[in-house]
Each structure stands twice: as structure tokens, then as C-alpha cells.
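One structure follows; several queries about it will come next.
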Amino acid sequence: MSIKKYAVAIRDVIQQEMSRDENVFVMGEDIAGQGGIFGCTRGLLEEFGEERVRNTPISEACFIGAGVGASLTGMRPIIELMYMDFTYVAMDQILNQAAKIRYMYGGKATLPLVIRGQQGIGRGNAGTHSQSVEAFFTHIPGLKVAMPSTPADAAGLLRTAIRDNNPIMFFEHKALYASSGEVSDDPNFAIPFGKASVMREGTDATVIATSLMVSRALEAAEKLAEGSIDVEVIDPRTILPLDIETIVESVKKTGRALVVHEAHRTMGIGAEIAAEVTQRAFVYLDAPVARLGAKACTLPFSLVLENAVVPGVDDIIEGIRKICYK
Amino acid sequence: MSIKKYAVAIRDVIQQEMSRDENVFVMGEDIAGQGGIFGCTRGLLEEFGEERVRNTPISEACFIGAGVGASLTGMRPIIELMYMDFTYVAMDQILNQAAKIRYMYGGKATLPLVIRGQQGIGRGNAGTHSQSVEAFFTHIPGLKVAMPSTPADAAGLLRTAIRDNNPIMFFEHKALYASSGEVSDDPNFAIPFGKASVMREGTDATVIATSLMVSRALEAAEKLAEGSIDVEVIDPRTILPLDIETIVESVKKTGRALVVHEAHRTMGIGAEIAAEVTQRAFVYLDAPVARLGAKACTLPFSLVLENAVVPGVDDIIEGIRKICYK
Amino acid sequence: MDKKRLQSIYETMLTIRYFEDKALSLFEENQLRGSVHLCTGQEAVAATVCSHLRDEDYITSTHRGHGHCIAKGAEPDKAMAELMGKAAGYCQGRGGSMHIADVTKGNLGANAIVGAGLPIAAGAALSAKLRKTDQVAVAFFGDGASNEGVFHEALNLASVWKLPIIFVCENNQFGISTHVSKSTSVQDIAVRAKAYDIPGEVVDGNDVFSIDEAIKRAIKRAKAGEGPSLIECKTYRWYGHWIGDPQVYRTKEDVESWKKKCPIKRLETYFLENKIMTQQELTVMHNKAVEVIDAAADFAISSSDPDPAFVLDNVYCE
Amino acid sequence: MDKKRLQSIYETMLTIRYFEDKALSLFEENQLRGSVHLCTGQEAVAATVCSHLRDEDYITSTHRGHGHCIAKGAEPDKAMAELMGKAAGYCQGRGGSMHIADVTKGNLGANAIVGAGLPIAAGAALSAKLRKTDQVAVAFFGDGASNEGVFHEALNLASVWKLPIIFVCENNQFGISTHVSKSTSVQDIAVRAKAYDIPGEVVDGNDVFSIDEAIKRAIKRAKAGEGPSLIECKTYRWYGHWIGDPQVYRTKEDVESWKKKCPIKRLETYFLENKIMTQQELTVMHNKAVEVIDAAADFAISSSDPDPAFVLDNVYCE
């Protein structure tokens, strides 16, 4: 075990997988000399050279498409998008090509491809650079979607992603890069997709939280523990596949659930989780499954406004109280 | 009243609005001489000339962006996308620009813009040309989203859309273009957004269905009426704004609800509707709100397979029986 | 060009021609459905370009892709079965005409999204470069596609990275109903090569010899590590954009005048004038092609539909 | 160029220069946050181009947009307030540096998405054409943006439709840390004009006279209904890509050598050599600009934050 920052955990896994498998390579904007604007590819150019650590032109649709072509033909590309918001200029290559090719070709194509990058609030980047866009990639079948909330999960899930033979969307969070935690030194340490992590056990209510919201949910849970509400906090870690069983088991125990994500509440993955949990645990529910997410406006630049839009610890506390009728 | 085909109803409204307001113009691929591949702009070139009826290059991101620029500066563009699947190559202009500009500019910009076109199954167009993509446009705030299921709704909602001062996503359905129905001749006939249409009244269960699924839901309801299950069928007509009140009122009456759409079940708008209905009508529910949508695979080319993927009348019947425990 | 290559190009063109005719008649008999884009009249491009490619070389194709598919080595029976959505088709009926692929033969797929194949081909070329093979990639695309953003991005990327790729534009003068002059700011799309500092040339797309010269040069350049080339083949499609196109945008005379420039006839004339093949030999080849295609159609018709029980298979690779 | 215009360009450049300096110091004092991209060193382009535009003419700008904003008539106080996310800012604190706009003055907005302004500007030009005004639109963008697909699509569309638009590329040689030679397949981006059959020219982006000549020609052409032009202004940014950039990709010497080519100094030398203005007059103008910017900063600092109670306002137009 070592204590590592989230960004370093990511970098180290990429480095190890590139050493292990010469078909793995990375490309993206400013990832070579600069090591990525968040340092997730730092040092790789020096170690692996310009062929395998490629700065791209500002042409996201093309370099994601090139990732599709390279992966179809035997390579295992890791593509960094500087901001996951930029998926919008490359949506066709992600949703129509990467996600669908294997199926449309009757299973006769394999696409090992990781598209990774950061998203979310925390740097005052305003409406086009602070979004949480993961939900889009769960609606069209064919992709897998991870969103680690800790350095260990970032490392373990990324290794799984790189070794997986499917196209993966890997959502990091800009406000988590500097967070630290223990990470296994085992060069094969991997966390399977589709296994939620119970971050805190509790008996009164279940909070399902993702990415940056996990720490806020934990903080809310600690505060409520003082007031004698005992909250279970679950981080699904991958939202596709989604470990609905673990969530449902927890809700059967607690009878109450709140989903919290930073993405907009409307049509965020909280909707899917709420609908599915209700379907499977209906008779156990003491309250409707509640949802918290960003309010229905663009993320504003002003910090005061941003804080009013995205769920904070107090909002989560209030949300839990509500489903507990307390 | 006249009997009109859905495609003709659309064409007529565009024609009338172009006559009424010289700032309204249309652009898109093959919409001029050819009148659109589904005839929705037929005859407009002859009447209004090439300036206001513009064939575009195959550059969707650009001509949608041009629509944003034109609407910001006083025009009221109507843009035809030949297939709404092509939104994927223009997502940034839709989600980051059209949807956000007014808000990001502190309310000091107005964007009257309609992006319309058809989607869905029915012509053997396979995975990249048969999708139902409406859900994407409800997650990012700033757009309104309509999906008419009848010629009258197509006419009434499109007129509202053209006169609205916001960017609108208008989803027609390729398999509905040839369907006929009564349409008002009133040149101001308009249907407000956010008002659901109760297509059939019933007391035992509520089915919320959109677009092509509305007729299937009605057929299912008729069949079940024979077996003494009395189904209410609601078409929300616009999914953003969503007339949640009408839906919730119905569910409070029936105690049971099934949402049916052609888009994939996972993260389709059924998830949002189910979660929200449960939130608001929890104590009235005799069963969890159920959802039907396309299965979790790309839409296959083969008709046999396509039919297995998208909800059919029998699936809806089965879905209703399930929530009625019958 | 040596006789063997010429004959093989000729045979490929015939196979494509009869394949398309058969697809058309099956469509008219309601045995086949969907958006079917025939490449009749354009056969020379696919046949000649692919005659220089090995199985390990890559192509990406378009919605008008039957010709590329056959020229890159597809068996007509499995191709026709795919057009009919049958289980025995290349994609087990999941892809259809617009998404037909055979990755094992280097055909990375038809692509129903205009322009979308170009970055994918660039990626295949990058893959070849990274794996240090001498493979090349060819991206086929239409005149209309040259106005999509990814055209620009792919040519720039390929040039900057000196990828072993050839961009082959089949300029058949129309994107659906829109004449190229109404959508495209240059008369010759090949001129756009200047924007990427790569060679661009215009060739007669109905003449196998011109295409042959150009593709040879481009492949040589690609293999030498000098980067991409852009070849624009001027040609014409005889039928509508898709089966069912009312074709209001052009006259019968135009179509007829282009039929006179038939690439197959043209090669036959060359064969006869240069006494490379006799009329009888040509007839034998025609008959053989007809047979192959008839057999393909029989195969496709008699194949079974895919079993819906397995419809959810192959979304993911296990 | 007449003296009045020159002085006004000079004044604009000074305002931009001091505005950027102030933004930097406010950032360093933690009064300002976010991604802030300074255009110091590039002032001549915005100032000269916009000196030819009226309020009713349109521009679209970029993430590096303060200069365009000021040159197009923004009041520095509301601009600075927006950078600080204050209620009195142009966008009421909702947009920030990367999304600042003033539609009433024809500034259709900075744009944080590289390249995204180009189609929007084309749309504004189309709007002018449809409304039969003599308005023109200018799209500012960087060298890096010229590799985005929308660059290609917008130039093609504008050319085919003969839109009254000028595409002004500020080639400051880098997209973040990536030198233009590593991302862009041509040495001069202006060459890409050939791909759209429009005029393309390279000018010294630190020389107001060269820019002036080019923009005049382009505006004349636009107003004559002859369509778009592409102008590439070679220039350099003095500071990092954004505030906080470690700038590992260039040397101090490079930066210093470009500082010697300061567009403001250059114009001052011209003024003095040609006895258009005296050193004293220049100093007066400097002082005036400093005063304006100091006042703007004071205004911004003392303005209040937006009220979160209204955070959901203005998502839609009622």
C-alpha cells in the first residue's frame, strides 16, 4: 500500500499497463510534454516515447474515431479528453461507432478502448466546462461507464478498464485529483466493474452517491449519526454495469433511499436508480426513493451560484431527513 | 377541420408560419428541390425561394450552429435534421450553445430556434438511423422537447414551437408520417407545451406513452378492455416541459402506471417519469411504476430482431397485466 | 497493368454490377428492405483500388458500400444474406446494407454516418504505424462527405502524423439530391489536399487505368512513411441515391450520357481492341458472375432469419 | 490610416493591456478565479479589426476573449465584474471570462468550446444576408481551432452561401502546450482558404497597419456579396495559456524576443517617428487607460455577488 493522490493513482496505472502491454498507448490534447493539464500522463513521454504518448490536434471527433479504428485493429488505446464536456463534439464516434460496432458487426469485432478524463465543478470553469455528463453514456447500449470516487477505486477500476475488451467511458473528477488515499502496490490490483462499494454501513436510510458526492454523503452521514439517524452510503463505482443488487439489498434493510449525484437531477442516473430500486424493493419502501442532483439550470460561473446549484452536505442532510420523516 | 397526413400537417404549419413571419426560414439537407426526404418542406422552395429555403452541405454541426447565430440576431430558423440520430455530430452546438447561451449571457440573449426531424423504427434503417434520442435533450437545461403522436399534435405543437422564443427539439416519427387525422384549419391553431393529452380514459391503470408507442398503447388498452381492465392512456406530447400533474392525477386515480417509449428502457424518459410519479403519488401506488422501452442492444437491421427489441402491443398488454397483478 | 490484375479488376466489377442488379430486383420483389444505396456505375473505383490491397490492409466504407465490400474480398452470398437481414449474413442480420463489415478481411465496415469512416481509417493506419507493419488503410467517401468536419480533422491528423492512409473520394456529383456545386466550395475536392500539405489528384473514376496509377503512387507514399494522399475519382451513380429515389434533381439524358461512360464497357473495349480477351471470353466471365450472384441470392433467400432469442448477444465482449 | 482611427486603436490596445494586467493581479490576489486566458501581446488584432466594425456588426470570440470584448465596445467595469462573477457583470456572473457576451453591442460571445464560435458567426452573417442589411460578422479563433471540424464546415458553408463574414485566425503558435507545427499540417493556416475557394492571407498580427489593410479588403468583399475571407494574424501571447500555466513548452528567451515585438510599443514608435503624437501625449493616454481599468476593478470588487435566490432565472425566455 502507498498513499497516493487520485491523479497519481491514475498515472501509475497507465504507466504500469503501458509497460505490461505494448499495445496500450495514450493520446489526447497536451498529454505528452505537459503530462496532461492535470498531470495524469506525467512522465509517460519520457518513458515510452512520442509514438505511444501522442499529443493530438484539437480534433476530438477524429482522435476518438482514430481510437475506434486503432482498437478494431489490435491496439488498446487510452484517450484523454481534457474535459469530458468535450464528448459533445465527438458524440457520434462514441455513441454510434464505439458503442455499436461490435453488435452491428454481429459480434465479429472487438473494441478495447478507454476514453477518460475529468468533469464536474471545482475550478470555476462555468457552464461548458463543469458539467457531469455520465448519464448520456448509459442510455445507448455498448459502453461501460465508471466514475471512481477514491484513489484506490480510480486505480482499480482503471486497470480493469484498460484490460477490458469493450469501450469504456471513465469519468474522473477535477476536484478529486488532489485527494489522497491508500492504493495497493500490486501491479495487478483491479476492481471489477459492477460491484458497488459500501462506504459506510447504516440501518436507517441508504444514500447512493457517485464521484464527488460520495465524500459529501459521508460527511452528511457522520453529522446525522450524531442526531441518531444511521445512514448507509453506497458508491456504485460503475454506473454501467450497475450493481443494483447491492443497492436493493441495502434498501430492503433500511426501507429508504436517496440518490445523490452532481449531474442534473432531471434525467440523471438517479432517475434510473430510483425507478429500478422501486421496481425491485417496492414493498420494503417506507418512503419514495428521493433524488438530489444539480438544479435545472446551466452551471453558473459565480461560486455563490454554483454552490446553490449542486448538492451540498446540507442538502444531503435535508434530503435524508425528508425520507426519514424527521 | 381537414383530414391530413402527419407529414402534410407539418409542412402546412411551416408554410403558414413562413407566410406570417418573414424571419422564419428553413434549412437542412435536401429540403429545397426535393422538399425533404419525407416531404415535410415540399413546395416551400417554389413559394419562398432559395434564400428562405436553403439546402445545406452535409455539415450538421455547422448549420445548427448557424441556426444559433441566426436566431441570436433576429431570425427564427427551423432546421431539419434528416434523421434525429444526426444530432450526435452536432451535440455541442445543441447542448453547449443553443441550450446554454441565454442563461450564460445572464438572460440577455433570445434564441428562437426549432430543430426538427424524424426518428425511430419502421424503415429498416438499423442501428444508426432508427434510434429514439429524445432523452438526451431533457438532461441539459435550456431546451424544450416535443414529440407529437398525431397529425393534430404535430401541427399544434409545431406552431407553438415556431412561435416560442426558446430552442426547441421537435421529434417526429418516420412511421407516423403517413398516418392521417383531423387537423384544425385555424391558422393560429396551437397546442401549448407542457399539457399532456389523455387519449383514453380508464380507471384501472395509467399508461404513459410517447410518439409511435401511443397507438400501440391504445391498441393494448382496447384489447384489455375486453378482458375488463380499463386503461387510461396519456401522451405527454412534450417531455420537457413535462405535464407531471396530469400524469400524477391519473395515477392517483388508477394506482398503477406503466411508461412506454421506443427509446431504450435504461435511462429513457420512463426513468424520470417513474421516479417523479413515485415521488408524488407514493401512497396511492398499488404497484411500482413499470417501464417498457427498447431492450439494451443496438437496434438491429433484421425486422424479426427489431420487433424483438422495441415494445409491441403484446409487450404492453403484458406490462399492464403485470402491474394489475392479473 | 498486367493482364492478371486487369482481369481480376474486371471480374470484381462484374460481380459488383450483378450484385447491385440483384439487390435491386430483390428489393422490388419485397424480399429486401431498408435504405439500399447502389453503386452501379462507380464499380471501377472500388475494384481498382482494392486490387492493390491485401487482406491485411484496411478499408472503411460508406452507406454506398457493397462495391467496396465485394472488392475487399467479401463473399457475395454472405453479403447478400446481410442485405436481407439473415442469420448467415456477415453481421448476422444486425447490420444490414449500411453497416456491413468483415474485419477479418480488413473491411472495417460500411458506415451509415456520412464521414464517420475517415477517422476510423486514420486509426487503423495509426495502428499499422504503431505495430510497425507495412499495412495501409483506405478511406472511401463521397463528395458530400467532404463537407463534414471529420473529413478535415482526419486529413489533418493523418498528415501531421504521416499515417499510411489514402483518402479516396468518389465524387458522383450528388449528395442525395444536392449537386456538389451547391454544397461544396471547390470544383475539385482534390484541391483540399493543399489544406493538409499532401498530394491531391483528380482522376477519371470510370477509368481503371487512371485510378490504378493514382492508387499505386499513393500506396507507395504511404508505405514509405510519407503520409496520406487524397484521390478524387469523378464518377456517377446510375440509380437513385437509394432505391426509391424519385430523382427529381437530374435528367434522364444526364443519366444516359453517363451510362455511355460505363467503366465495365470501357474496359471491355480495351480488352477487345488490345486483343487481351475475346468477346467470347468476356461472355464467359459475365455468365460466371451472374451465376455467382444468382447462387448468392439463392443462398440468402433460403437462409433463415436470426433467432430473436439471441438478440441481446454481442452487445459486449465477455 | 487616419490619425483618429490610429489613436482609437491605440487607446483600445492600452485598455486591453491594462485590463489583462489587472485581471492577472486580481487573480494573484485571489479576488478572481477560474480559467482565465490573457491575450496580452495579441492586442493589435482585436483592436484593429474591431475598429472597422459598427455596433451592428457581429463578432464571435473565444476563451481568450477579453480583447475582442473590449474592442467591440464593452465597458471594462462590467467586463471585469463578469470576470469576478459579480451580479453587475455582463452576464450577471453566470458566464465568467470564458462566456462573456454583449449581444446588444454585436458581441455574440466568448466561447469556451474551441471552434464553436465559427458556425455561430456564419449564422449571424446569414441573418444579415437574409435581412438584407450591410452588417458583417467576424469570427475570431486560434491556430488550434483551425483543426476542429467546425472550422472546415463553417468556411465551406460561408463560401458556398457567399456570406458576409471574415474569419480571423490569431495564430499565437500554440494551443495550450502544443506548438502549431505539431498539430497543424500547414505552415500557414491561411493556405486553407484554398480549400474553400476564398482569399486567404497572412499578416503580421503585431502590426496594426497590416491587419488594417487585410480587414478592409475583407470587409469590402463581404459587403459586395462576394463572400468570406480568411485572415491569419501571426502573433504571440506573452503569458501562459491560462493563469497558472507552468509553460514548460517554451523558453524565456522566446517570450522575451516576442515582447520586443510589442504591438503597442510598435505603434508608439510610429507615432513618435511620424510626429503624430508626443511622448507626453502617449503618457497621458497610458494614464487614462490605467485610470479606467483601476475604476473598473474598484467597481467589480465593490459589486455584490449574484443572489442565489434567482439562480434559476433566465433558463428560458418567457
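So that you can tell them apart, the chains are marked A, B, C and D in the order they are listed, and the count of residues begins at 1 in each.
Just so we're on the same page, contacts are C-beta pairs under 8 Å (C-beta built on N, C-alpha and C of every residue); 3 or more make two chains touch, one makes a residue touch a chain.
Because the structure is a prediction, the values reported are computed rather than measured.
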item: Taking each chain's C-alpha mean as its centre, the one farthest from chain C; value: D
item: Centre distance in Å when chain A and chain B are each reduced to the mean of their C-alpha atoms; value: 30
item: Chain centre separation in whole Å, for chain D relative to chain A (CA means); value: 36
item: Centre distance in Å when chain B and chain D are each reduced to the mean of their C-alpha atoms; value: 40
item: Chain C and chain D: spacing of chain centres that average the CA atoms, whole Å; value: 45
item: Of all residues in chain B, the ones touching two or more other chains; value: 56-57, 59, 61-62, 85-86, 88-89, 92, 96, 103-104, 126-128, 141-142, 296-298, 300
item: Shared-contact residues (touching 2 or more other chains) in chain C; value: 91, 93-95, 99, 113, 147-150, 153, 156, 160, 182-184, 315
item: Pairwise touch network: line, ring, star, complete, or other; value: complete
item: For the chain C and chain B complex, residues of the former touching the latter; value: 33-35, 85-86, 91, 93-99, 112-115, 144-145, 147-150, 175-178, 182-184, 246, 248-249, 305-306, 308, 311-312, 315
item: Residues on chain B engaged by chain A in the complex (per definition of touch); value: 61, 85-89, 91-92, 95-96, 99-100, 103-104, 126-128, 131, 135-136, 138-142, 240, 263-264, 266-272, 274-276, 278-279, 282, 285, 287-291, 296-298, 300
item: Sites on chain A touched by chain D in the complex; value: 29-30, 33-34, 37, 55-59, 61-62, 85-86, 88-89, 123-129, 295-298, 300-305, 307-309
item: Chain D residues touching chain C - in the complex, by the definition given at the top; value: 147-153, 155-156, 159-160, 182-187, 191-192, 194-198
item: Chain C residues within the chain A interface of the complex; value: 58, 60, 89-95, 99, 101-104, 108-109, 111, 113, 116, 118-131, 137, 149-150, 153-154, 156-157, 160-161, 313-317
